[in-house]
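Letters A, B, C and D name the chains as they come in the text, with residue numbers starting at 1 for each one.
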């Protein structure tokens, strides 16, 4: 379970507070098919294209977190995530997409899907209307969810790695580096929670988290829909 | 045509710059069926429920516009729109929905649809990332589009008013009061355009406008989809 | 004392947490001289001019609070304060200044003082970097402090009303209407405190409050300095 | 003159539009005394302490610029400035201050001066109320002004380097590396100006620039005042 993969306490409580929605997200058909190597490629390509757009807004969100910091160490953590996204992740994503036959132009041409707009702008609005804890709570389902998803799939006997075209994706998110990044994000969320109010914030933060989880689920759904409509 | 209904110059140019998307929005099947009285009631109810959520973020957007004002007259115009929304529109909407068998509780219970989140948060993000002109450009398809839609439908011989359950809706937006509000919004957009840079802003503003038009189209689509899925 | 004039619990605790700074603000020489009718008129005029600028940013801050609201009732309270400022207060201020020989042009001509910029932009930055509780905490020294100042001065035997040119100012802020507005603001601050985290927020909120108190003190000091330099 | 040191066209026009204020800032007594090695050390120490605070908000401002970017290259430029500030500048500043007998604790203990709050929060408010051009215009007097100040002082025969305790400061800002950074900032401002509206933005941008120049002047004044009051 999530709790054994990543142990930050606030994450566990947030997941428990929207258990069904969390399962719908982390065990979405898109993910299960991907783990078995049975996801139609069109679905994965649409996902890759929209994920490129997501990364840009993800970097904007962490830029906003720099602005919303109270301490140098808060600023530095946000700055590391912006740097990692702009200097490493986006480049790796473009590279990886090329392997899937998607040139940088092909990646940038399609418009943002409504599901991408909904999730990214929801995150930014929570971050601007609320404080940095609200912002991080809206981002948590992405960072931490991917770690849980990949770890759970690798641990699942139904998952097939040999000949699975999505193996690299799975192993990347299940790998030590990403799992450590997610663990650090979980600890940082714990810290934000304590720093910015603690127990009294839980209900509102859980609502933000649950909405973000639902929007992430919509993101998988958007990918999956590519199998039906062109 | 739009140009003859509302004459503000910048609106005409914005519409012209995304002509096809504007027609897809203003002559959406949802609207055409509504004008003929043939829209399934489930579609209209879903629209009413999500429009209630929209109104709340619409008021937030104009609150943001107060913050983003440079002059007292800019502040006053935004304040009038917040007041009209919070003190009049939301009350009228609740009242009107009651006539459609939707209690205030029924209105508030369903979660925000992804299409509602996408459009409202896109507006707020443009408003925060950009300046007040960017904010107003993102809001324009809503305020001005409804005026165009209702006026065009009333002028269309295919529209049926007798026994049309949506007649009140059509006549409200086609009515003098709303048409004047839209005309004022068009003039205000012209003024913002000139005040905040003029010609050099057109391309970026047109991109914001076109995305907002597409998201409004998605809003109709979301209503229409209620006819198929529950 | 403050505690007996306005009883909201969080305000009492905030005042207690910066007791000396609070006294420096609420019993500033500017205020004591004003209550005795001995404040040089040049000081009061400079104060009036800068207070005009302050009101504009005060309205912007409550516009921001509309954006940062989670509930309709939060939105409505902020909207009432924007409306009161834009539709009533600024008009009354202009009127009142005319009685002091300051035309609307005279009011708008001088640049914003550094003390005015510091306080108003500090409030807005806290409001944008933090959540609505942070915003209201930064605004509290203004709204609630003026109520305490006027009530304390009126209760002080050293205060002279007869022939005091500042009597109207004192009686306005000590009057029932303003005291009720301040009481409501205190209750709203209590509510925000509970809604947005409670006890765990106290230290950070107290820091914001204390800085705002110091900046308000600077505002009096800026007025007083008009007696020396032109 | 500024025009020959840095040639970006928009900067020249901004300077020309507030010529007197620009001279008051760039040839402030603080700067002239510093160049002659005659500035009282207490003034420089107060400046160093407040400049430490300034750097933190400078990084926040560029974090905000990441959020307010429309393109990856805009994001990357802002991200570089955040990184340079958090990973290099603040460390160098702490190091340099140690040489002036100011430990990190001594640097952090004093409260932010009203002049520091005024300038930094003005920048952030312009950045949030306006768009990225407004933000960069508010930051320009700092980045570009320091380059002009140092270059002009080094070119001035009245400047004394031998035995001047402030020589390192002067040579750092007059040095190739900082001059190049300023030149790049000037080009970026030109680009923002064109990208975000061009000619129609000039008046508003010039007003922002002029206020920021006045607030920078206040910053020198605050340092200088340490010679009189403790």
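Keep this in mind: contacts are C-beta pairs under 8 Å (C-beta built on N, C-alpha and C of every residue); 3 or more make two chains touch, one makes a residue touch a chain.
As the structure is a prediction and not an experimental result, all values here were calculated from the model.
In terms of the stated touch criterion, the partners common to chain A and chain C are B, D, listed by label. Two chain pairs are in question, B-C and A-B; the one with more C-beta pairs in contact is B-C. Comparing the CA-atom centres of all chains against that of chain A, the greatest distance is found for C. The geometric centre of chain B is 44 Å away from that of chain D, both derived from CA atoms. Inter-chain spacing, taken between the CA centroids of chain A and chain B, is 32 Å.
In whole angstrom, the spacing between the mean C-alpha positions of chain B and chain C is 38. Counting only residues that touch two or more partner chains, chain D has 60, 67, 124, 128-129. In terms of which chains touch, the assembly is arranged so that all chains touch all other chains. Partner chain C is touched in their complex by these residues of chain B: 56, 59-67, 69, 72, 75-76, 78-79, 82-83, 86-87, 90, 124. Those residues of chain C that touch chain D in the complex are listed here as 60, 111-112, 114-115, 117-118, 121-122, 124-125, 128-129, 211, 214-215, 218.
Within the complex, the chain D residues that touch chain B are 67-68, 70, 128-132, 134, 194, 196-201, 204.
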